[in-house]
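Here it is, the structure, as structure tokens.
Each chain carries a letter (A, B, C and D) given by its place in the written order, and its residues are counted from 1.
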């Protein structure tokens, strides 16, 4: 177990115990860990790498979507080669994990809250306790190929209010997650969001205009996840710098420098 | 399909369909091919590599131990990292293969013949039609950890005369394959052998002294298997050079230069 | 849009495909050459005037993402090759890129002279300057501009056809050697040969290779060779052939954007002999997706605004 | 045999472990440092006299078996570091190897002077000469012996403690720069920093990094850095610290056999933060299996008959 900036994390070799294919674009991976790990909370992530090989060299950051006893689950989108190799793992294969990394997301308990997910961006919020003022989930998807992922998420979110938007209108009303949130968000609300840069940027802009709080889960290239490499550095509005891996990945939109979405 | 030096071979992506663990040291791997490949004969081999990753970079040469319709099987010893990764594959995983490579072994039909295998060295001879003058198999193993491999081979060789030797005496009379062959081989016989260098060298020396023919399956580091890289070059006794991958892997002991076992 | 044009025009030769199997990779087997798809030119193994038996001992060692080789230019010598191998290769329909290694100036001169007799069947003479200059202290000919100049002083007057110089990344000042090649009359530079590495044998504690060091190739070196291409582009006026670690159409396209007019692919053939066919298809798809009609437009585009810059040039033209 | 001795003695400093986390890899977090097993010395991130924000844009790119980085020496500056970070690190029980980057000679001089005030808490000053010499045309200080001499001309008289020079593999004549370091009074040379590479972004067709080129590290470069260690050994009289691509005890042992007295490990920490602890255990097992009582006996043994040679030396002594 290692400690960095007050975070305690482990490095362990897990075994994939189940894989649910969610269409062509993603998979739900359940990994058994060899022993106990430090507690994991919503918003935290892991770096996953393939044992014994140097290519891919680095772990891939994935939000921990579920953590129960000796199991952790991930919702993995096939974004490129590394995530594709992870999404294609077969039960029985080993995976190296460094986790939990990052700060848990702090969901306000004192105001109306929305959770916004751009497809797999839902993952880091799946473990979040439902806050007192919870207004609902808004999920955005590109097209019908995300149908199986939506169905899987529906199962996990059963009982919670859920709005779905879809770029091409096939899985829900035409539009994206931000437009679906649209007029329903009120000044003083808080929207906790994770997803593609474009979505986060649109939400940040909307939040500044609309007077609501936006807590944004950022993605950056990461080599270490423990604050060492400075690969994930961003600039805060006040000019200081922050590391997405240890100071985030969730930041208040107000904090972020203008070049964060460049 | 490609052709080199008259050999026709394919490059295909197969799927592991079954894996039988043979103790800690080896595994029997059955791979399904996506379509027909050129006919494979005893003595030929394949280069096996892990798709999509550059590390390990090169394929690992393994003798084709069985070929039936769309399936090929290998007997894979855990020699190092590459063969270990292959031996650890899980059914459902993909493997890239280049095959068949090398010349089929030419087993004499006109004289008494012995097959000699140093543990997994049995593999390339498993497909060989039993020659008219067949005298029997001689297998050598290091220790009891090879018990499961021996049992598996016993199953495949059922009905054929089989002598087993074991370095520490646990699986059969104490000794190695060459000593077990010992006095039973007669001048004029032919011994077709594959296994560790030391065994092949001992057999070559014995054959020169004892006036019998030794056909030896050599192992060399290989990058290509198609005669291009010259990584597997050996010197013949007459000073010419040969490539183990296309001119072998089986050579008449008489042909081999003295520095082949260095 | 019709399918994008992949032709590569470099200093007097036009190749239907920009991809060329690099030297030392393929057997010089006419049947195999004929079956190769995705290339028009093919490099021979490295030849020398005198036959060479190559290096003794272990010749290959895998490294993470790379391959060390110490083959030592095993070859039958130029004369035997011309007699026994050339006729077959000349009938394959492939353009022969003859890789000629410089051992010493005298034998280089003889080799070039002899090859002159076959200049109609040899599309390009690729002068390999990674051989140690025994007269000159043992560093490779290509490590300093003087060596490049000396070798070209012999090869250029002797060879009327197209001449490329294959440079070594061990050069103290790489761009200076490329410029020396241009000044010496080369029609193109191949950037670059293998990167010098080493490996030890942990059984013995001794160097793995008889010559201690060996040449590193394969994907591991791609970012390094790409950097050399990037830095050489614009510093010479002759075309650049990128070489080192290419394993995909994406890699090849990076080489072109960085400044290469054509791309040699070596080690990846060991993973997939048939690799160039797929890379050509993928290259066309990459260009199509970016609305680029011809690969040649992209040569060096990374220095001029990338794809957007190339589009602007096109519409401006 | 009792468990083999891994201590490394290099020019005035003795480390309990021969393995050192390389510069730029670990956060300068005392709690994390304290928890590190398998090392005694730890390199800081690269510091400069003035604070630096580092490079904008993408800072990392994976390559096959390697990692390109263009962090750009983001650091708070020597003075803020001494005030805010040093006290915590000094209490961790680790020996601090302070990586100081040379931007220009004037600020180098100030930095060394300021650090002199903490010389009791800094075990080694590691002078990083991979920074571009802006006054001198932009090539890194370490690319030529003159730059090495100039930097040492300032740093050596100013620093009374142990001084290592971390050399760059981009040197035109690497051994010459190592010799210049020795001549300039360095107590050791670190062989070497990252290898210059490049990457392009295929969305835009432009260089991936704002500075176009970036430093390659990780397993991909291991055979290259090992070769530099091998070639430098015996050419300088001061100890060599091997660095580049080490990911296992086997790699570390190769570095030692090739000539390194200690070994820095960087990128592999990204795969396993806890890697050095395992490597120390594995190193001991490797030595035990070969009947070697002390790692120090093996330094450079690849040049003197390998393990057999080392055995002979031992019995001869």
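Basically, a residue touches a chain if its C-beta (ideal position, glycine included) is under 8 Å from a C-beta of that chain, and two chains touch if they have at least 3 such contacts.
Just so we're on the same page, UniProt names per chain: C, D = Dihydroorotate dehydrogenase.
Since the structure is predicted, the reported quantities are computational estimates derived from the model, not experimental observations.
When the partners of chain B are compared with those of chain D, the chains appearing in both lists are A, C. Centres computed as Cα averages put chain B at a distance of 36 Å from chain C. Taking each chain's centre as the mean of its C-alpha atoms, chain A lies 50 Å from chain B.
We define each chain's centre as the mean of its Cα atoms; on that basis chain C and chain D are separated by 34 Å.
In chain B, 54-56 are the positions where the chain touches two or more neighbouring chains simultaneously. For chain D, the set of residues that touch two or more other chains comprises 61, 63-66, 218-220, 247. Interchain contacts join each chain to each other chain, per the touch definition above. For chain D in complex with chain A, the residues that touch the partner chain are 24-27, 29, 31-32, 35, 45, 53-54, 56-67, 69, 71, 74, 218-220, 247, 267, 269-274. The part of chain C that touches chain D in the complex is made up of residues 63-66, 68, 172-173, 195-202, 204-207, 212-213, 216, 218-224, 226-227, 230-231, 245, 247, 250, 253-254, 257-258, 286, 290, 298, 301-302, 305-310. Within the complex, the chain C residues that touch chain A are 64-65, 219. Interface of chain A with chain B (complex): residues 50, 52-56, 81, 84-85, 90-93. In the complex of the two chains, the chain A residues touching chain C come out as 54-55.
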